[in-house]
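What follows is chain A paired twice: with chain B in the first complex and chain C in the second.
Presenting the complex of A and B:
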């Protein structure tokens, strides 16, 4: 019967799905790492209104937020090699994810920084903190607590966005499912494992962030 | 000789073909956005109801749409429906269906946020005046909530336009596919065509989404007070 699920098939291909999940996690890890660095840099540059860098960050954020990852990846993977800049698939996917995620992280950090009261900054200045000390000891710790929920949401967003990397020839969950459908016509099994794979990755992460968010509420600082 | 790949863009009907490709995704996005906006309002209002079972169902639907990537939903509807129920949707129909289901969930959450942000006394006063439930929503709640949900709804529109770029993965011939065709047919003549074509596509998406997201941000700031 067509409606039954072939468990032997599922058992046979589970190792491949686990491998693909590993790739997705790896991509997400590096994408998030570089996004955080880019985002923090852009947010600080804009917060302190550093002349040239500030407008460069503004242009970057607009470009990144208003274009889809698919298009960014096509340009990076197929467009740039034509003018002499080549990437391998993995680097390309991480670059695309970081380019996309950086602006989302920047906006999250900005929200955090803007939530800090003027009194905090003025008190810091009045006790003689330098600008960098002010960022490190006063602004950032508080901004992070405020920005945490948005940062967590961005991590989940980036993990979901990795679902398009098959277009740069990476064997992720999507491409595996598509191959299994095409090769064996086991549509149900392949789709079932695809959904299970993403749920196994995403549900714990989303639970963890929800838990962390509740804990962080206690760290609300007065202005 | 120095190769001018950018020439490919203006040669023959290439530019028109790319723009027609853009129209394919824009049409899918437009239809899905229109359905989502209309269906999202009742869905959002349902989410604010007190009935626990109803609330759980709505919540479950929203979370399911959110936690699973849209591309996975596209696969489920495009491949899964045909396999199990012999419903052979065209790729475009599957795309419209999935984007509408997803958009309705997201729009519903925006509506829920706007409706619950209204004060309790708005409901209580309306009830005291003897308005029926339908009149309450029609004359009191929706007009006030509308203003609070417009920026979110516009923002959702840009997200949906961006997400429709996924349809190339279920085989719809849209701008990227047309771009590929142009690049391949000019491969020997101008090897750098890929750079210019994909660059232009990138730029086209940008000028399509940027004004909309600007508008959303401006409205949000203006209506904050």
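Presenting the complex of A and C:
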């Protein structure tokens, strides 16, 4: 059964897909950035057992890990306006992604920090380093090397999670494909381009992470 | 400061008149882990320029004692004084105190992501805010003294155990501490590397660095110590010059301990 791919359709809508890919990248970039900041903060607060903040971080992580992104976005986009707080779609999506990603990044950082032996911390203390100097010069560089694979996996996870942001009326790859199918019934072409769009984003990224991970392994810490 | 001035300062044998003044005084120190005492009632005085070797069976509290001395452990009772100042108050600024107390660990604990030189310069530059040039000169002098200057750009993983331990000693020494604490620093080393590290400590002893050394190397203890402190079950059981301790120990517990090392 010969099925001809409608190349004209593909050519026509490629710019829209590229635009959507741009949006996905942009969302992912800010989502990852804020996730890293939130994650690092939570991890350090928990690692040093800072009272109050530490339990707050714990509650946040539970909450973030146990609710789907769709629900989080729903709350931000439809729930908050009812109490008078409105965000635009993009802000909602980035906030949702960061809220979700922050807890995953926190766990990755924490894993890295906990891999650092007590002896490292004590030898840092014994030359007179302050707590913040310890984090900056001793703990973080080592924790990053350990956490790198998990951090990379989280970036890819967040990029895939952007596929639900159409709920806040953003034209990401997923919603574009859905719309095109609805309008033109070109299911095969639309899906083909959807898959291609994600692959073009994900493959180089995961390749980059694999490379970075190998480099870090070769750097092979260990006393 | 010129190189020669730094060199003179680092190589200087401390003037003998300082000798005998108390530097570190511990009185009625008690340390518990979850209600179980690790140190029961320790009183100990370490004078300036004195080399004190702490001996005792495994688990008797030697490491705990050293760790209390530089605030790595919170104590339950007693007092520690450094140079007459009380360390064991709530307000103690351990960051300042620890610059005066160098500590070397059995497991080296060099920072694996830094070169030897970076390891050594971290304290002088970030904690003491010394000038890079001056700190580098001090580091060079010390590294040359222990034969490690060629290894300054190596990472810890590229060094032998003995080299790592010598680098760790320099990392503590470069802070110009008033007293050095050594916790079984040769215990993890291959036998052929033990010597090179003991030699460094012997040389420090000769330059009259004040030192508290926990070790199982009896020959070294005999050669280096001004005083032997023998501990058992969280208490100081004997405190005497090596000549007395090794020849005619006062207590049965010390005799039994020494007998193990006869064979």
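Keep in mind that, in the parts below, the second predicted complex is superposed on the first by the 220 of 223 C-alpha atoms of A that agree within 3 Å, B and C clash if a C-alpha of one lies under 4 Å from a C-alpha of the other, contacts with A are read in each partner's own complex, and residues count from 1 in each chain.
The criterion applied here is as follows: a contact is a pair of C-beta atoms (placed from the backbone, for glycine too) under 8 Å apart; a residue touches a chain by one contact, two chains touch by 3 or more.
Just so we're clear, the structure is a prediction, and the values are computed from it rather than from any experiment.
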{"item": "Clash-or-fit label for the pair chain B, chain C on chain A", "value": "fit"}
{"item": "Touched partner set for A:188, first chain B, second chain C, both or neither", "value": "first"}
{"item": "For chain A as apex, the angle formed with chain B and chain C - C-alpha centres, to the nearest 10 degrees", "value": "110"}
{"item": "Touched partner set for A:51, first chain B, second chain C, both or neither", "value": "neither"}
{"item": "Partner chain in contact with A:126 - chain B first, chain C second, else both or neither", "value": "second"}
{"item": "Chain B versus chain C as contact partner of A:137, first or second or both or neither", "value": "second"}
{"item": "Chain B versus chain C as contact partner of A:15, first or second or both or neither", "value": "neither"}
{"item": "Chain B versus chain C as contact partner of A:63, first or second or both or neither", "value": "first"}
{"item": "In the superposition, chain B vs chain C on chain A residues touched", "value": "B"}
{"item": "Smallest separation of CA atoms, chain C relative to chain B, angstrom", "value": "23"}
{"item": "Chain B and chain C footprints on chain A, overlapping residues", "value": "none"}
{"item": "Partner chain B, residues of chain A touching it in the complex", "value": "2-3, 62-63, 65-68, 70-72, 74-75, 78-83, 160-161, 163-164, 166-167, 174, 177-178, 181, 187-188, 191, 194-195, 198-199, 202-203, 206"}
{"item": "Touch list for chain A against partner chain C, complex", "value": "117, 119-120, 122-130, 133, 137-138, 141-142, 145, 219-223"}
{"item": "Complex interface listing, chain C residues touching chain A", "value": "67, 70-72, 94-96, 98-99, 101-103, 105, 107-113, 122-123, 126-128, 156-157, 164, 168, 171-172, 175"}
{"item": "Chain A partner contacts - residues on chain B that touch it in the complex", "value": "5, 67-72, 75-76, 79-80, 82-84, 158, 162-163, 165-166, 168-169, 176, 179, 183, 191-199, 201-202, 205-206, 209-210, 213"}
